[in-house]
Amino acid sequence: MALKGAEIMKMLPKTNCKECGCATCFAFAMKLATGGVKLDDCPYIDPEVKAELEGAMAPPMKLVTIGAGENALVIGEEEVMFRHEKTFFHEPGIAVLISDKESESDIDEKLGRINDLRFDRIGNVLKVNLLALSKDSGSSAPFENLVKKAYEDTNFPFILISENTDILFSAAEMCADRRPLVYPITGENVSAAIPRLKELGLPAGVKGHGLDELISITTQLKDAGVEESILDPGSQNMLEGIRDQTLIRRAALKKGFRPLGYPTMAFPCFMSQDKYEQALTASALMAKYAGIVVISLTEKEFVFPLLVHRFNIYSDPRRPMTVEEKVYELSRPDENSPVLISTNYALDFFIVSGAIEEADMPAFLCIKDTGGIGVLAAWTSGKFTGEAIAEFLKKYDVENKVKHRKLIIPGVAKKLKDELEEELPSWKILLGPAEASDIPKFLAEKWKV
Amino acid sequence: MTYEAPLEKHPVNIREVVLGEGEKARKIGGENTFPFHSFEGSLPNLQGLALEVLDIHPQNWATWALEPFKDVASDPVDWAKKCVEEYGAEILCLRLLSTDPMGMDAAPEETAKTVRKVVDSLNVPLIVLGTGTEDKDSKVLIEVARECSGKNLLLGPVLKGNYQEIAKAALEHGHAIVAQAAMDANLTKELNIALCKFFPPEKIVVDPTSSALGYGMEYTFSIIESIKQFGLVDKDNMMQMPVFSDVAAECWRTKEARESEEQGILWEATTSMTFLLAGANLLVLRHPTALRLIKKMISS
Amino acid sequence: MILIGEDLNVMSDKISQAIKERNPEPIRECVEGQAKNGMDYLDLNVGPQKKDPAKTMAWLVKTVQEYTDLPLCLDTTNPIAMEEGLKISNKKALVNSASGAKESMETVMPLCKKYSADLVLSVINDAGLPSDADERAASILESLEVANQMGIENENIWIDPVLLPVGVDQRQVLSYMEFIQMIPDLAPGAKCVCGVSNLSYSAPKGLRGLLNRTFLVIISRYGQDAGIVSGFDDELIKLNRGEMPEIVELIHRAMDEEDMDISGLPSKEQEYVKTTQVLMGKTLYSNSWLEI
């Protein structure tokens, strides 16, 4: 929310009458700030003040939805310029471009490949979100066929691209239940587009050459009641994209400038024909605020790094990243290999497993789910105690993976050693090094079956 | 409300650090705005991109990472030459893996002579990195500093546990240093304060420690962004050193970089670009194609 | 401020050994020392206590109560241990703690009600730790509603805004200070408490006391009611008692961002001023904040 609780408080009656259900007006203001109650709950607020508050409380960047149902893409409502200031809230959409000039068999093959662009990473599914369907041929038929085929053969939401406004909206009618983004809405066609946008209830893909043009178009749209827009400032390359998107976001978030208070989109597919450059441009612009990037890449080698990059940048820095709980088999261990145990905080996992794998040492790395918190904190809160670990070893049948009975625990968990020795009398508990990076050295020197 | 471009100007700048000497010397840093924000500030120096050279034959490298250097990988001087002459590197990073106590444990004197040979043969700015083992690096880098006196190398990593000796030698012999702290802005500041008691701040480059794409890249990204914020916006003069990132080592050890050449190159290039966007001023890369790509994209 | 002594803690090898062996001597020493120094409550931190929770807590509370009449703050995440301690507490106990997480509220709040104990209620909830003052406010309002509905009044609740180490997240320390000033309007009648030593968790050992003491004075001014502190920091106790008014005044002036030329001051005074400035967020924290 744009307004802080304390600022809202200034505009309330301050009678602490409790009729809204809160003990004080301050409490009500706090709940309003975080969306817990509605302004309507206060029976004594002045109507003019109410209107002012409603306007001020609206998020500085609009939330926009493309698509419907479980495949819908929701972007916007961002609050910060830097993810470490809080977090980025909505992952940008990655759209793959298909032109109606391509042959039917090429299109089929492409759609197949795009459908396969889904990957699992530490328990999350990474995939592309949208298809960008572009009318490049002279007549409307190929475009309509493309839209029809994409509609029937896939579940993706669409960005429909055509310079011809009538053809654009007839295509939109064909798939209106999947709430496509229609693009471009420009200074030239905005008046004609408005009634069609309203009738179909669609978001507008706004294109302007520079920010002033965008402002003029979004103002007209907003005045006419079209609330959802995505902005393309016409950036020609990565550097322009960084500049344009930074200024748009700053205007929205720091200046409260509503005409630019929308998510943005960029077209790396048009910025470079070189696949590597296109991929780098797409990742750069996602890191620098794009709500949607449109690419023409379909090969795994080029798309997978983009998906991981997006996943990383849009992770919430306030929540520790976690990995799946299980017994990881590193470098082909056998029944004589060492068994180590740690928590599922992702960064620790990467360091520990990375150190072991780089040294090419066979080992069983037991990773226990502690909600992503580290060893000591997990022990204190009961998630990484002797009892919890004994349960883990039983659950994953670790006793049957190795002949020996030695368990290596993180060096910082001294208190755990005694607990474990009581819980697991047939196991010898070895205290590992304090630093994960010393694990290979520790194993090389101290591991003997 | 009329629109006025919300430009932000900062009255301070990141310090400029000179690498190397003579006509091929290169400056990094010096900017008074965020990376690529030439529309609202001044960025006098393009980011520095160094190619990596090892002082031993690479062990266990991905095939396509080794391919560009196959014919020269047994000799650091030849390798360095190829980086400069064929692949257009303006800066090199010599990684002294021979000195690894868990490996060959080469003596400081020999190693320093190898460094000297590389310096003499090419005279491009040279970053010289130890293995991160505090005691050994101390001995090695001090010897390197002495052997290459006056050449203005960039020596590292300098850590909380060994900064006194290494920085002293660097000061005496006219070198710059890479001050490394583990992923924490407070620790970066602490090390800088300790160093600046006797070492010139304009010869310090900070390394907040890097993680590769998919393996913690976002932590590095955010730390670098906050370092820039502390330096430029909060005007903290202990956070105004240029930022260094050793991308090569982290990226090429991932299994993803080993899956295919294209993916390997993109793994390194994407990580690199991400750190440049955050504010890194100097990177170490392994693959010449990644170098070429990044150079092209930041120069346009 | 009400002082709650923190030294009876299983993280101390001496204490955890004594508990394991059922040896009362080290316990006695710790209890009597803290009581003598003027603690108002004693915190009994027994950790997760997976082994024999009921028996261990019973032994500990019984032992402690042989050496003091002070009310106890029972610090464990294990509900069995908690209940056992509550059963035999002589005075009204303080339950440390419940969070806003559903499971915690469901397990711990009924115990407070049953044994008429006070409750430390933290701002953590099922979504984790709130990232700023407003989020803390939203979280505590929800938990308070649950507590109130169960018949636990604000007057029996001690809100814990959760203090993070300044070296881990300086911004959260600023959010902390912003939040505690909201409490009288947010939750009239409730107290505020925290583990003050958390502030200095990653700082150099010799400087932890300075950070803790400075922070105590700052939050005192902002209205904090209680702190869990070291029972053996003489200077902290003196500051709390008003026996060092000049230092307190210096800290207040630094809080108010008065232009101060501290070069003429003795070194201890200079240190308090510099520490205040860092804690108020004037500059980025580093372990060498005194050296700049």
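Going in written order, the chains are labelled A, B and C, and every chain counts its residues from 1.
Convention: a residue touches a chain if its C-beta (ideal position, glycine included) is under 8 Å from a C-beta of that chain, and two chains touch if they have at least 3 such contacts.
Remember, it's a predicted structure, so these values are computed and weren't measured experimentally.
Central chain (C-alpha centroid nearest the global protein C-alpha centroid): A.
Ranking A-B and B-C by contacting C-beta pairs places A-B first. At the far end from subunit A, in terms of centres built from Cα atoms, lies C. Separating the CA-averaged centres of subunit A and subunit C is a span of 37 Å. Taking each chain's centre as the mean of its C-alpha atoms, subunit A lies 30 Å from subunit B. A separation of 43 Å divides the Cα centre of subunit B from that of subunit C. The set of subunit C residues that touch two or more partner chains is empty.
Within the complex, the subunit B residues that touch subunit C are 185-187, 189-190, 193-194, 197, 230, 234, 236, 238-239.
Of all residues in subunit C, those touching subunit A in their complex are 10-11, 16, 47-48, 50-51, 77-78, 128-129, 131-132, 134-135, 137-138, 141-142, 182, 185-188.
The part of subunit A that touches subunit B in the complex is made up of residues 82-84, 121, 211-212, 215, 237-239, 242-243, 246-247, 250-251, 254-255, 257-260, 275-277, 279-281, 283-284, 287-288, 299-302, 304-306, 308-309, 312-313, 315, 317, 346-347, 350, 354, 357-358, 360, 440-441, 444.
Against subunit B, the residues of subunit C that register as touching in their complex are 167, 170, 283-288, 291-292.
By the touch criterion given at the top, residues 4-6, 9, 22-24, 26-27, 30-31, 33-34, 36, 86, 318-319, 379-382, 385-387, 415, 419, 422 of subunit A touch subunit C in their complex.
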